[in-house]
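Naming follows writing order (A, B and C), and every chain is counted from residue 1.
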Amino acid sequence: MTIFLVKRFFALLITLLVASLIIFLLLEILPGDPASIILGVGAQEDTLTALRAEMGLNLSAPERYFRWIAGVLTGDFGRSYTYDTPVSSLILERLSLSLPLAFLAISLSTLLAIPFGVLAAANHKHFSDTGIMGFAQLGVAVPNFWFAILLILFFSVKLGWFSAGGFAGWEMGLGAALKSLVLPAVSLALPQAAILARVTRSAVLETVREDFVRTARAKGLSRNSALWRHAVRNALIPVVTILGLQLSFLLAGTIIIENVFYLPGLGRLLFQAIAQRDLVVVKNIVILLAATVVVVNFLVDMFYLALDPRLRDDTHE
Amino acid sequence: MKSTIRRYVKLLLISGSTLIFSGAAFAGESHLTMGTVLEPPHLDPTAGAAAAIDEVVYANVFEGLTRINQNAEVLPALAKSWDISADGLTYTFHLQNGVIFHDGATFDSSDVVFSLERAAAENSTNAQKALFAPIASVKAQGPSTVVVALKTPKGNFLFNMGWGDAVIVDPLSAGSNKSKPIGTGPFTFKRWVRGDRIELGQNANYWGVKPALKSATFKIIPDPAAAVAALMAGDVDAFANFPAPEMAAQFQSDSRFIVKVGSTEGETILSTNNLQKPFDDLRVRQAIAHALNSQEIIDGAMFGFGTPIGTHFAPHHAAYVDLTGTYPHDPQKARQLLADAGFPGGFKATLKLPPPSYARRGGEIIAAQLSKVGIKLEIIPVEWAQWLDQIFKNKDFDLTIVSHTEPMDIGIYTRPTYYFQYRNPGFNAVIKSLNVTSNPKRRYALMGAAQAILAKDAVNGFLFQLAKLGIWNKNVSGLWENSPVQANDLTGVSWKN
Amino acid sequence: MSESRLREIWLQSLHHRSFVIGIILSFFTLSMGLVSLFWTPYSVELLNIPHKLEGASATHWLGTDHFGRDVFSMLMVGAWNSMLVSVIAIGFGAGIGVPLGALAAGKRGWVEETVMRFNDFAFAFPALLTAVMLSAVYGPGTINSVLAIGIFNIPVFARITRGSALSIYKREFILAARTAGKGEVRIALEHILPNIASVLIVQGTIQFALGILAEAGLSYLGLGTQPPMPSWGKMLSEAQTMMFFAPQLAIIPGLAIVLTVLGLNLLGDGLRDILDPRLRRQK
């Protein structure tokens, strides 16, 4: 078990290392000279050289890479070329929107998916099962940005209940801020919920067939208690795995949804930074997103281990 | 009984609604939220070409010796008056007294000397160094007088000193203006939430007439769909340059809004790389001019907003000559010219398009128009940073679409290394004599001659003059309807009650 | 596969509801795309600005867009574009992922560990993130989306191949083949691949659907297919500012995406039920 943990942890480190290397290589060969982009077109060659030195662009590639990693590890992400402010403060500013949005979306999709998934499983092959799974099937097929457009069309254009985009800001009060996050969170949550509901249903169905649930029922537990006490708990493993996997989609999804609703979040910052060739911002956000996904998947694995002792011996499957 | 209740309810409703309305009026009385499409890269107008910088800080945070109003007139600003010597070579500026910068530093002649010398210096990062090129020397005569000597007479020197690039900065804060601008204007910089908004507050120590607004927010909304939503929802009070012309009719029919169609200095052109084969052949450029249908582009890309142009000159200018008939829309003629130039079957080329919808939509229409005469264009969308790098700097392009928004910028055609690389000694001679001519009648004649040369040479595809589509809350007044310079001057803006 | 087994599958398929619905929907999109290669009601490069933003009529079945282009024709060409991107991306992903997965299952040990770590790593980069980075380097374009979606497909196929191949490598006939001196590549091709083909087909169908969703998302953001080539995602983004007076322009392409993806997912589910013997036994 400890060996497995250590091995898994090293794998995590190597994954992050490879990720950072790829990001660095991909973004450092970007066409275009950031210095001349900042200074504009009329810039003199000597001012360009000075700026390149200031930004460390004249160092050798390995040196730049190690400086970057050392910076990331100490929380110093460098300065944004275009905004001329520390990248860390830019990212923090945006996280104050993106984190609550991701949290809202995940909570919403979990709260929707698990009860409906269990309900469908409990009524296997009955009307409500077919109905719920039909909706889930549809939900998986709906692109989240189109769903977002439909929400805007209905709730903003027709009913005028929500504004069609933008972020009121936390200083306008919790209510106002949350109100501007409702439609984005719903559009992010729906496709996720649809997948999660399907996974929950099949996971519960799978465990119901296993021996310990049968034993529980034989011991006299009612069908429903057996379902909730044993089946659902054990079904959590695959559900949590999918939740972990969904996180990376959610983070990517925020790029597109933040664009639909023009929310000043991390995804939009990344998108804008690409447009402005602000490489320092791009590489730091991408490594941050990649690291989040890798670490969360690691935690999911740990969770796995804690939840299902049967898995502890078998490190490979 | 029933009627009493009804009256009571009515009363409640009325008092309730007055409460709501007075609340709104109170909130709106002294604050304005202005939507803007482009986020400035930084906030120092003396160190960047981006119009987005001026759109936030010009006249609001920073002031120059002179200022330009929405009718393109030159007004006194930090210089309350000036004398010009008879030979037009010496300008003596008399400065305002009692002006202090937002950080408390005193403004005097040394700041003017510093700012102008800094802008004109060899290593200057000013984006419009050409404005300062005629300056021979800047000298202070006491704290409130500055004497500027010019190398050659410059007819529009006072206008040029009113540009955002010529604002006066303090030596102490000049280095940090990019992120924390310190000027002398009626608004102070408060906060910049990157990617979202820039907040301005009141300058309690302002030297001049205090504006009606006490604070303002510039909300950055690059996406046209989002701009529509923000106006509809009241998240922004005004959009001085509204990016979605297709929605204008919708707003016009909505009594909550005022829609103003004004003029800009933006000549929107199909920029052509004049050194690149086959565009170096006049017949090819003429063929393109004949293949283009400006009105169709205006209707399709701008939903009717815009004025066709036949040369690089703003139609609202007094010296404008209508040359739209030089090469009228005539695909047959275009094919003939292409055949004469050795391309009977047409040819392939690229069309690089920056983000604004005039370019992206206009580009699709132009590609369709040119394909009808055999020129097959591959559309390549680029971001502004790439556009500056590839096209403007490295001249790596065949065709592109861009709006040249600087006022009176016909002089760019004399620069041999300018990105479209037009070289015509005859044209340069006309501009040279224009620069040393002060007689207005003679000047107009020369400007007309210059316009005619550009039109005849079909240097670029001259498409249309960009319209300024302003949409704002009907209770807001005093916003600029025209854009002689790119700015959102908020000093005259107020709320009607 | 014996004739009776094929017959059995065929009969079963006809009674499988989601399979039938899936195949009808998918066939509809496919034929729309295929027909667009030879014929569309109007040319999608034909701009007809005086006739812009018209509603549905006998001349324009689904109306016209802001350039006066025929929406139905654009939908047809968009269908082809979506499917092409998605299919090539599957070819790319399966072409690299399946050998990797088979290698991991066949060799075990550090090879397997490396492949699986690579998988974890690739999972950290959803197609959208890859596409954003690619477009920063090479600019936006169709190849960009093919690559991004293709890269995303690699770990999916590697994982599923390894998972299914592991159990097959344990079977006796593989041992027999090894003793007979067959090379690893031959074993993989002759014994492993046929046995996991059904699983791969099912996964391929699901990735097909995901690819169409991803392509739409990328073109919506302007990172994918470029004009004048119509694509469903771009039609959606262009329609967004016209939602107030022409909502149909935003609704129609979205419906096309939903129906196509729904069809492919149903088809995949149906195929899984029919082809996967394990699941069949359980039912």
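Quick notes on this structure:
The definition used in the following text is that contacts are C-beta pairs under 8 Å (C-beta built on N, C-alpha and C of every residue); 3 or more make two chains touch, one makes a residue touch a chain.
Values in this document were obtained by computation on a predicted structure and should not be read as measured data.
If each chain is drawn as a node and touching chains are joined, the picture has every node linked to every other. Legend note: the chain whose CA centroid lies nearest the centroid of all displayed protein CA atoms is A. Our note on geometry: subunit B versus subunit C, Cα centroid distance of 46 Å, whole angstroms. One finds 23 Å separating the Cα centroids of subunit A and subunit C.
Here the spacing of subunit A and subunit B, counted between their Cα centres, is 40 Å. Among the residues of subunit B, those touching two or more other chains are numbered 225, 228, 386. Shared interface positions of subunit C, defined as residues touching 2 or more other chains, are 240, 243-244. Within subunit A, contacts with two or more other chains are made by residues 31, 152, 157, 259, 274, 277.
The touching residues of subunit B, when paired with subunit C in their complex, are 224-225, 228, 244, 246-247, 249-250, 296, 299-300, 360-361, 363-365, 367-368, 371, 379-382, 386.
Subunit C contributes residues 18, 112-113, 117, 120-121, 123-129, 132-133, 135-137, 166, 209, 213, 216-217, 220-221, 236, 240, 243-244, 247, 250-251, 254, 257-259, 261-262, 265-266, 269, 282 to its touches with subunit A in the complex. The touching residues of subunit A, counted against subunit B in their complex, run 31-33, 36-44, 46-47, 80, 82-85, 90, 93-94, 152, 156-157, 163-167, 169, 259, 261-262, 264, 268-269, 272, 274-277.
Chain contact summary for the complex, subunit C toward subunit B: residues 45-47, 49-50, 52, 66-68, 139-140, 222, 226-228, 240-245. Across the interface of their complex, subunit C is touched by residues 11, 14-15, 18-19, 23, 26-27, 29-31, 137-138, 140-143, 145-146, 149-150, 152-153, 157, 209, 245, 248-249, 251-253, 255-256, 259, 270-271, 274, 277, 282, 286, 289-290, 293-294, 297, 316-317 of subunit A.
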